[in-house]
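Two complexes come next, and they have one chain in common, chain A, joined by chain B in the first and chain C in the second.
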Partner chain A sequence: MSVLLRVENLNAGYVQKDQRIIAARDINLEVAQGEFLGLAGESGCGKTTLAYAITGLLERPGEVFSGRVEFNGEDLLSKSPQEMRQIRWKEMSIVMQASMNVLNPVMRVRHQFYDMMRAHLGHNDTQHYDSRVLEMFRMVGIAPEYLDAYPHQLSGGMKQRVVIAMALALRPKLVILDEPTTALDVVIQRSILQQIDKLRRELGFSIIMITHDLSLLVEIADSIAVMYAGSIVERAAAEELYNEPLHPYTYGLMNSFPPLVGRRKRMHGIPGHPPDLSGLGPGCSFAPRCPRVIKGLCEIAAPPLEEVTPNRYAACQLYRDAGSRTTG
Partner chain B sequence: MLPVNSIAMQAHEQQASPESVLEVHGLTKEFVIGRWGRKRIVRAVSDFSLTLRRREVVALVGESGSGKTTVARVIGRLYAPTAGTIRINGEAVPAKMNRRELLAFRRKVQMIFQDPYASLNPLHSVGYTISRPLRIHNLAQGDDLKARVREILERCELKPADLFINKLPHELSGGQRQRVGIARALAVGPELILADEPTSMLDVSIRLDIMNLMLDLKDEEGISYLFITHDLAGAHYMADRIAIMYASYLVELGPSDDVINEPLHPYTELLKSAAPKPESGLKPEEISTNYDIPDLTNLPPGCPFAPRCPLAEPKCKVVVPPLLEVKPGHYTRCILHHNI
Partner chain C sequence: MRYFVRRIGFLLFTAWAALTINFILPHMMPGNPAQVMLAKFQGRLSPQALSALTEAFGLNMDKSLFMQYIDYWKRIFTGDFGISLTYYPSRVIDVLAESVPWTIGLVGCATIIAFTLGTLLGIFSAWRRNSALADALVPVALFFNSIPYFWLSLLFLYLFAYYLGWFPLAGGYNIYTMATGFALLPSIIHHGVLPLSTIVITALGGWMLTMRNNMISVRADDYVAFAHAKGLPDREIKYRYAARNAILPSITGFSMSLGFVIGGSLLTEVVFSYPGLGYILYQAVTSLDYPLMQAIFLFISLGVLIANFFTDMIYALLDPRVRDGGV
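Up next is the complex of A and B:
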């Protein structure tokens, strides 16, 4: 599969009183065509900043400090805001966290679709628009009657599906979902994700889904990147990550979700709380909470994200120089 | 109101009475919405009965709008019930209470709220927030008050207490704020705590800490919890018994392991199949995407879940089935399991 999105050494964050707070640090990522990448992490770990940096939506005081974002062979960071506006929605779209609230409350759903399509397609063929909107509605499972509804006449789950339909209407190559379903009930959440995944298989677009719910990701994503305090600490295929998490943070995060089935037993999450991004020390940012911390090493040097076994990456001193040993 | 539904519950209650902290019987709560001739009645809770034993945790699970929060608010006396009785330690809670009675009631029943950012006064220090219930209930004064506040903070793992006592909410993390929320509920030494989604706004790595703290307090202080959540796995972790609500009705009630591993009601099945459970295989189950959200102002006759139920039969759409005991301690409101 060819690479659709390549992020290289990206540093992005916020400027506060001449001080740079790096919220996404040295990010390296690749998303193949048709791949479903899950980006897992807790609030404040920089996952949304990363999504905004990729889509060119990071606004002051936010800033991309360095690095490269290559999408479909083009360097996105050198594009002007006007050029980015043409790429967004048409080539890549983003569904945001409270996206139920992005719909204009005084406009019928149909006209909101028209607006978006007119801006990107340049013509005003409403018949063509209608056929596309109806096709999208069918795909996300909303009855055509709702085309002329106002947003307040729709339930939260339906609004979310309308926004997803909008994000898919121009057949983008990449869809970024930023906690698309956290505000919804489990049943609605699952049915929306099921529909998106079905569409991905049919249409062949790629997905980056950002969420804190690792147990959900291991079920639906192809591969997973785990972020902690601005850095990717582990990257692997979903199944491998679930069966054998390498980084102690991934392990702790996995153990923070009590299993649903089986017998009840006492579990322990991760003691302490995530660090403040403005006061990170030189060492591994997880070291203060890490049960496997190596005294005198982890606090001093931050380990880079390295390949531990083929296609498995971890940023942890426990696995440094382990590649040669474990491949045998 | 709906007497048929309650027969089985009565038997259950009588057996549980001596040890029970909370007995709710036939609770119904209606809200009137709209005005100018467009009044409609929303029945948020219909004929809800539940008994909670000492040191027991019952999780109340359901989707938004199922009435689970309303149940807690009626029991906690933030709303008055439309019908039904509530007993605390076997004593009926009167329909109307004066200030003194309400104070006595709140010494026994406390609440923990969902949003630790909104439920603490941003202008009050942690110490002041914890000292308020002690003062209002006249439980401590002067130096004793300070000592009690410290003791309660340390009890909730806000250690050392002196570090936290003068802090304002904005100086605390989400998990620490929720600990303050728990400490405030704990201050008066309640017997029952109604916890309304206490972990849903917290970071995942903090959630278990908070749940473990609540479980420790249950064992050591002898507290019972009504734990409200939409997370089935969290309910299973916390609770001895799980109660499932759908469209204002209690549809299933039973021991946690039984409800999760052998659900009886088709809605519980649906909830279970929709919840992530990588431990039972990484390929998720397909769920039906065809559903309508029930309109509480205009529920169809019969079982409220029938329009979505894959197993629905014509007789399901006639009357609301009663909540009946199908296996020991395991109740369901579904005629598929009632041999009638």
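Up next is the complex of A and C:
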């Protein structure tokens, strides 16, 4: 499968009083066509910053400091805001964290589809719009009469599905879902995710799904990247990650959520809190919370993300020797 | 529809309450307008004339309060508000009919211009936040907003009318011309520029700051961020998403001030001797002209109530959530 999105050494974050706070550090990612990539991590670990940096939505004080984002063979960071506007939604769409509130409260749903289509399709053929919107409504399971509803007349789950329908309406190549279902109850959550996944198989677009719920990703994603304190600490195929988490943080995360299938397990969680991104030391940022910390090494040297076994990446001193052997 | 009926009902009820209070208040005040009138004419009125006046003013103390109340309502519906003391022997209704158009013309125009201009500036200033010009507008707006409007009127009158002589010193139109109708318009505009601009300048800042604040908070709302994500043109986001939602609270303030248009900008009209309702009210108060005062207060309260009613209607038109009775 060909690579759709390639992120290389991306550094993005926020400028505060001339000080740079890097919220996404040295990010390297690849998303293949049709792939479902899960991006997991605790709140405040830079997942959303990364998503916004990729889509060019990072606004002041947010900024992309360095690195490269290649999408569909094009360098996105060198594009003008105007060009990004064209790409956004037509080629890549994003379902935002607060999708309960992303619809304009004073506009009918129909017109919120129309303005987006008018901006990207360059014509004003409302009949064509309607047929496309209704097709999307069918896909996400919303009755056509809600086309003329105002957002407040829809339930939370319906709003969510309207937004997802919007994200798919122009058949983008990449859909970024930023905690798309956090505000919903578990039953609706599952049905929406299953619908999205079904659509992905039918339409062949790629998905990056951002969530703190690793157990959910393990079930539906192809591959998973785990972020901690702005860096990707582990990257692997979903199944491998589930079977054998390498990084101690991933291990901790896996044990923080009850598995949806299988035997009952005792929950552990991770003691402590994620560090403040503005005051990171030279060592591994997880070291203070790590149960397998190597004293005298982890606090001093931050390990890079390296291939541990073929197609399995981890940023941890525990695997450094193995890593240099396979790559070197 | 239910919303509409409810609002109509509310309007009728508040109008009834306001008019009743308007009836009770003068009766609780000491003195009798007819006696004031008598004093004014210093004994040149016979007792017969006095009782005729009392009758004309509708202050016949022989009738029970309830009967007076009935009479009061009768007079409201027939437009008979008695005879003015100040403009004796003109009927109050005629005095009002002459002055109301001036006030509505002057203060109405000024309010609409100030609101439109201020809101547009507020949109600009919020959207271009952090740029030098947009941020400089804030202290400037605060400055003009803090200037007392009558003081600015005096200043303008001295500078532009007296010292430079660009504009007339007083009045609403050139009284020495034979022109009528539309031929009078240039003269009316010439007389209106100064009072209008003082009201606009002092009111503008408030509208701007309100809109700017609303707009800045709406800008941070999720649907504006989502509109950016959808790749909409900046202009469309600015007006159809941000400003469209930010203007809702301003609309309330705007219709409220439209209601107070009837009351006029009293001091402006006094300074410029503008023949509007504010000036008349001032005259009425200084000469204890109760019938005139009562009628003016009545029109002011009705103006506010009707403006409130239209606010509700406009709000329902602009915000679907209100229409559904949700908010």
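Here is the rule we use: the second predicted complex is superposed on the first by the 314 of 328 C-alpha atoms of A that agree within 3 Å, B and C clash if a C-alpha of one lies under 4 Å from a C-alpha of the other, contacts with A are read in each partner's own complex, and residues count from 1 in each chain.
Keep in mind that, in the parts below, a contact is a pair of C-beta atoms (placed from the backbone, for glycine too) under 8 Å apart; a residue touches a chain by one contact, two chains touch by 3 or more.
Remember, it's a predicted structure, so these values are computed and weren't measured experimentally.
Aligning the shared chain A places chain B and chain C next to each other free of steric conflict.
Of the two partner chains placed around the shared chain by superposition, neither chain B nor chain C is touched by A:Ala314. Contacts of A:Leu57 after superposition: chain C is touched, whereas chain B is not reached.
In the superposition on chain A, A:Ile270 makes contact with chain B only, not with chain C.
Contacts of A:Leu168 after superposition on the shared chain: neither chain B nor chain C is touched. When the shared chain is aligned, chain B comes close enough to touch A:Glu239, but chain C does not.
Within the superposed three-chain model, A:Ser215 lies in touch with chain B and out of touch with chain C [touch as defined at top]. With both complexes placed on chain A, chain A has more residues touched by B than by the other of chain B and chain C.
Looking at the shared chain after the overlay, A:Ala302 reaches neither chain B nor chain C.
By the touch criterion stated above, A:Leu177 is placed in contact with neither chain B nor chain C.
When the two structures are aligned on the shared chain, A:Ile196 is found in touch with neither chain B nor chain C.
No C-alpha atom of chain B lies closer than 7 Å to any C-alpha atom of chain C in the overlay. Taken together, the two complexes place no residue of chain A in contact with both chain B and chain C. Of all residues in chain A, those touching chain B in their complex are 42-43, 141, 155, 157, 185-191, 194-195, 212-216, 218-220, 238-239, 242, 252-253, 256-264, 266-271, 273-274.
Per the touch definition, chain A reaches chain C in the complex via residues 55, 57, 60, 84-90, 93-94, 96, 98-99, 101-107, 115-116, 119-120, 150, 152-153, 163, 166. By the touch rule above, chain C contacts chain A in their complex via residues 130, 221-223, 225-233, 236, 240-241, 244-245, 248, 318-321, 324, 326. Against chain A, in their complex, chain B makes its touches with residues 63-64, 173, 175-176, 203-209, 212, 215, 230-234, 236-237, 256-257, 260-261, 270-280, 282-284, 286-291, 293.
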